[in-house]
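In this document, chain identifiers A, B, C, D and E correspond to the written order of the chains, with residue numbering beginning at 1 in each.
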Amino acid sequence: MKGVLHLAKSAVHGNNKKLNVREIIQEKKKSRSVNNVTEKLIPKILFGIAAISVLTTIGIVLTLLTETIAFFKDVPFIDFFTGTKLKPLGENAVFGVVPLLTGTIISSAIAMLVAIPIGLMTAIFLSEYASEKLRRMLKPLLEILAGIPTIVYGFFAFTFVTPILRSIIPGLEPTNILSPGIVMGIMIIPMVASLSEDAMSSVPNAMREGALALGATKLEVTWKVVVPAAISGIIASFVLGISRAIGETMIVTIASGSSKNFTFDVTQSMQTMTAYIVEVTGGEAAAGTTLYYSLYAVAMTLFVFTLIMNLIAQYISRRFREEY
Amino acid sequence: GDTNEGANGENGEELEGSVVIDGSGTVYPFMARMAENYMGEQENVSVEVSRSGTSAGFKKFLAEDGTDFNDASRQIKDEEKAQAEELGIDVQEMKVALDGITIVINKENDWATELTQQEVIDIFLASAGKKKWSDVRADFPDEEIQTYGPNENHGTYEFMFENILGEQDLPENINLQQDYSTLVDLVSKDKNAIGFFGYGYYDSNKDKLSAVKVDFGNGPVEPSLDTIKEDGDYAPFTRPVFTYLNTNMAKEKPQVLDYAIYTMENAQDVAAETGFAPLSDEDVQASLDALNGLK
Amino acid sequence: MPVMTEKANPNVKTDKLNAGTKENKKVVYNTKDLNLWYGEGHALKNINLAINENEVTAIIGPSGCGKSTYIKTLNRMVELVPSVKISGEILYRERNILDKSFKVEDLRTSVGMVFQKPNPFPKSIYENVAYGPKIHGIRDKKILDEIVEKSLRGAAIWDEVKDRLNQNAYGLSGGQQQRLCIARCLAIEPDVILMDEPTSALDPISTLKVEELVQELKEEFSIIIVTHNMQQAARISDKTAFFLNGEVIEFAETDKIFSTPSDKRTEDYITGRFG
Amino acid sequence: MPVMTEKANPNVKTDKLNAGTKENKKVVYNTKDLNLWYGEGHALKNINLAINENEVTAIIGPSGCGKSTYIKTLNRMVELVPSVKISGEILYRERNILDKSFKVEDLRTSVGMVFQKPNPFPKSIYENVAYGPKIHGIRDKKILDEIVEKSLRGAAIWDEVKDRLNQNAYGLSGGQQQRLCIARCLAIEPDVILMDEPTSALDPISTLKVEELVQELKEEFSIIIVTHNMQQAARISDKTAFFLNGEVIEFAETDKIFSTPSDKRTEDYITGRFG
Amino acid sequence: MKYVDSTQVHKKMGSRLFANNLAKTLFFLATLFGLVVLVILIYRVLADGLGWINFDFLTNRLSTDPERAGIWGAILGTLWLMLVVAPVTMILGVGTAIYLEEYAAKGRISSFIKTNISNLAGVPSVVFGILGLTVFARALDLGSVVLAGGLTMALLVLPVVVVASQEAIRAVPQFLREASYGMGATKWQTIKNVVLPASLPGILTGVILALSRAIGETAPLVVIGIPALLIPVPDGIFDKFTILPVQIYYWTIDSALVAEYANLAAATIVILLIVLFAMNSIAIMIRNKFQKRF
């Protein structure tokens, strides 16, 4: 190699005595075999880094699983998932997860009752009705709403929404599942709105024009053409919203209290799985007790719940990706 | 901080390190204030106060590398003692203040302002079957009683359960809460509510709640710093509150012992500030003697 | 440019041209002094055109001359572009459609449109055709069935799809999709059909089918068709308008335009000298 | 197609053509039986070309004929497309660069490349030129300064940028950017410079400047330039290769190609009959 | 035979247009709803908290006495937390993104990692808290210190950085890479010298957004265990700490006890929102400044 290049150099660069870059480069090359090592090492290091995200998932599953298995040695699987009584402390502790499941499902349901219609309507307004200028003004505001920490929503639910609701609904307890459910819904609105809007915006204009040219009103275009065409993206946004509601912690922890009663009455305090985790970790930390293991069993249940939701959302948006 | 060097601490020396305290939420306001005062004097000692509840706190306390102190609104149990022995933890009990279990009702409740001890017990006893106010006294309203209290995490619950109710069942529908603030709120907003918790929580919410005057046989007694004494008029519902010191830690870490001594020296003042009845001088001295013995 | 003077008074010229058509036909669209701006861009300049019933009127001209803009003005679809400003009059059946009181939805029910790229809805073939009648309030399943069949027959696609009416329209070929769009348009029984380069995305065979279809449809409808393809205009239209830079350069019988255009620029365009 | 027979044995033909060049020049790149596939697509078919030192060799041909593919094979840049398969030999200074043992980085250090669209890095002008020397380990600021100046002078852009070496290269005009890219390429003092339509994104004046530059550079470097522009090939190159459908149809002195092409297709292409 | 009766159609048009206008109003009101809530929320917080914000509030340590209580510890804790989260999440996030975009063959492994990352993004934060508690605080025996919290948070926000970095790297035009390879640069040299600098604004935007997510999260840290009263301020990553949202949490739940705590919580919310708003503005500024450069 060197010979060839020397040849080339002398042929072309015989006149340049001052500076011979080509030669310098060759010199440097020889002394820099390190380069090759780096080149080979870097992908391996990066692979290791990329694997950390996978390790995190594995870590989560493993930590949850080992303690969960220990838990099910103390408490039968069936009892846990069918038990409607949860009394984790004191002499005769009973571990039935049903009150937490109902708390979680009811709060999420309330949230989605708020988030789905309002989020979808917001998406429709932004995508179909708002002028470009208005849209550019409104979207960042919604992003702000999405960026507010959940603890702030919790404060809001507890100190503002609950008192207002109590003046309307006399039987409402000061900690109840209704208020945090509603506030959670408000929190999820921007998520549903922005994902649904993305889905609707990607419906080609040709489709709208086709309908408008038939004399359809905007509402008819939206409802009968755009929304059906974007339905998978819209549903995926709902599912992600549900997953978010299930996993939301601080709002319910603050505003829903810690009652573990099995009830369907939304005016009462209920505990969600997430709030239970916060209560138990905050209150108890001694390893080895059933109470301690119950924390992991609940967390595992929660994890599986949200994982399924996320997989469903991914499946929907991949499987039914709009093909226009 | 504006601390003068050398003018603080038990021995006037600068200490450093951490003091970790967990346990009763009832004792928390007392301990938090104590810790804050202490850190005003010992700049470099960091005192953390958590409030997991008495029992939960004992679990953290009775562990390897456990907490230094556990606040307790009841006395340590035999099982807990046994466990401490097993782990080789030498526990020093420190009575820090007195608390009266205060029975609270809604401000609008004008019928149950005075109850007899038995009536209180019956209300909180499932087997007594007092579901409506009118079950308690015929002239009380014909409305359902809503009972409230701190949950099993709290020593207050256990004191109520063990000492006042004689380990009998609480009503099925009793609303047990982790957070006292929630309890205060619940009772203050429910006309038919009756609840119980430590005097301190009542003291700082006097504007929202009323306390029931309890007749222990010698006429109704209002809970107050004066009546809550081990030999006072409110004595049947009075209990001492404690903090438990891991003496191994006290020997290992000078700041822990220093803090313990500081706590006892200032217990009476801080108690009054935070809604507890102060200890008698003898009680304080007894604890101090024990602590000084650890030096 | 010797025609410049004529253009300055286009009314006269167009009227003259109109005079050349068969007199017994009614005018369905009469455009008077139409000007249109996209923001600052003057896209249509003083358009004057009278379009007859039951004829095929072709609009030709080089890219960007305003053909699509004009045809989209006829059903006010152009208003979807926010910056559009329009002046002048377009009389559809004697009523000015640019009048604010005129409801676009009404207009578009009478005036169907077929687009350059087939744009069926992502629904079944049946639902595509039934969409128009449904939004206009026809709910009766039997009537809908009839309309769907009639429209698909009308668009010469019935035989190809009758066995799979419930399948998604996206399974059809491009040519079939375009005829489906025509059927969809027929289903609301419009008066006029606007077509913006309906065959430009199609293969030659599909193009032929659509062209034949247009020939048949003119029996019942008035058709205005934009096309890039001069041969197509010559083949299927009765009248042809030649647009250039937003102006109507010439409007006359198709035969005349393609044999003896009166404007030099028309000739140049037709003989492929530009565009 | 009467030339079919000649194409069947391209080796012979190219050798014959090479024989027609000045004998005293050394061959820098010798391509032998090169075939290249993108997946299933056969993009280069039996290429045989010998390219001389210190000459400008132009590669012309209609779009899609494989010009870019060929030139990118010369520095193995084509391998960035994952599906590529190559057979045959390319001897650069007598060594087969397609050999696995040959390090592409070494090759690309000796063979610079200028692309169709100017592609300076989003860095300062100085950093753009210093990039090559730096990655090859030259850290000495004084040497770098010298290299930068020399390269910018070499690319005939020094006077225009010397006062703003620290400004971002994106502030330059397209033509300046392209000359900057040439300077960047000169900075590592390559042996050969490959240029893929280096002026197609430039205005005529910038094009002229780059063409002049190429003429100068050939004193020091061997240049292979792909161009769509026949006039350009005629103006600046010594030899021209005409590609068609992935094959070399003709390779000869530029004068000869443009005056008396020996292949009918070359003639057709040069006279603008297709492409 | 005519099926579509145009007079009929015309008659119905009125009610259809009315429905359209009604719907439009409804949709607009729905859009407004979120914004109105935002305004009320901010108004409430300001009304409750603004009067409590002063220099002492910012620089005082925590206290049980609302008059003396300050959030200096929480501010420092938040800063320390960021100091851990930023580098960790940046190294992990950008490294993963480079691997996925530049090195990984577009096959099973990379799509597996991608699926994994989008799933990770959906795992509730409280579960990350348990991971942090079990692995960092307990198994590694760090305790509930800044480092344990920071590592937990870094993993929590990792997907945000990965996705943002992937997008930024993908946005670097191929021709820049080609230019570098054409100079004889190796793959890593090209990535290091061309791809990363060009995608840096996008990456930074992602990191800032991830950080703002991290300092707004409460649940994981509560789970890891932050004491209700922690007066000392953290001096390093091995110190116990609290952060603004956790402080808000404790003050909120204690507010029924000491009413002023609600004001302290509101005041802290104001500070937190200001910080987040500033961070997001910076992110948007970076995004706008460097948008569409190629």
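Rule of thumb we're sticking to: a contact is a pair of C-beta atoms (placed from the backbone, for glycine too) under 8 Å apart; a residue touches a chain by one contact, two chains touch by 3 or more.
Here's who's who by UniProt: A = Phosphate transport system permease protein; E = Phosphate transport system permease protein PstA.
Since we're looking at a predicted model, the values are computed, not measured.
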item: Reaching subunit E from subunit D through chains that touch each other, fewest steps; value: 1
item: Top chain pair, ranked by how many C-beta pairs fall in contact; value: A-E
item: Angle, in degrees to the nearest 5, of the Cα rotation that carries subunit C onto subunit D; value: 175
item: Distance from subunit C to subunit A - Cα centre to Cα centre, in angstrom; value: 49
item: Cα-centroid distance, subunit C relative to subunit D, in whole angstrom; value: 51
item: Whole-Å gap between the CA centroids of subunit A and subunit E; value: 12
item: For subunit D, residues contacting two or more additional chains; value: 106, 109-110, 136, 188
item: Sites on subunit E at which at least two other chains make contact; value: 9, 16-17, 186, 225, 253, 255
item: Residues of subunit A touching at least two other chains; value: 215, 217, 220, 282, 285
item: Pairwise chain contacts under the document criterion; value: A-B, A-C, A-D, A-E, B-E, C-E, D-E
item: Footprint of subunit D on subunit E - complex, ascending; value: 173, 175-186, 189, 193-194, 197-198, 293-294
item: Touching residues (chain side subunit E, partner subunit A) in the complex; value: 9, 16-17, 19-20, 23-24, 26-28, 30-31, 33-35, 37-38, 40-41, 44-45, 48, 91-92, 95-96, 98-100, 103-104, 112-113, 115-131, 133-135, 138, 155, 158-159, 162, 186-188, 212, 216-219, 222-225, 245, 248-249, 252-253, 255, 262, 265-266, 269, 272-273, 276-277, 280
item: Contact footprint of subunit B on subunit A as seen in their complex; value: 87, 89-90, 166, 173-175, 257-259, 269, 279, 282-286, 289
item: Of subunit C, residues touching subunit E in the complex; value: 103, 105-106, 109-110, 133, 135-138, 143, 146-147, 150, 187-189
item: Subunit D contact footprint on subunit A (complex, rising order); value: 1, 4-5, 7-8, 11-13, 18-22, 24-25, 28-29, 31-32
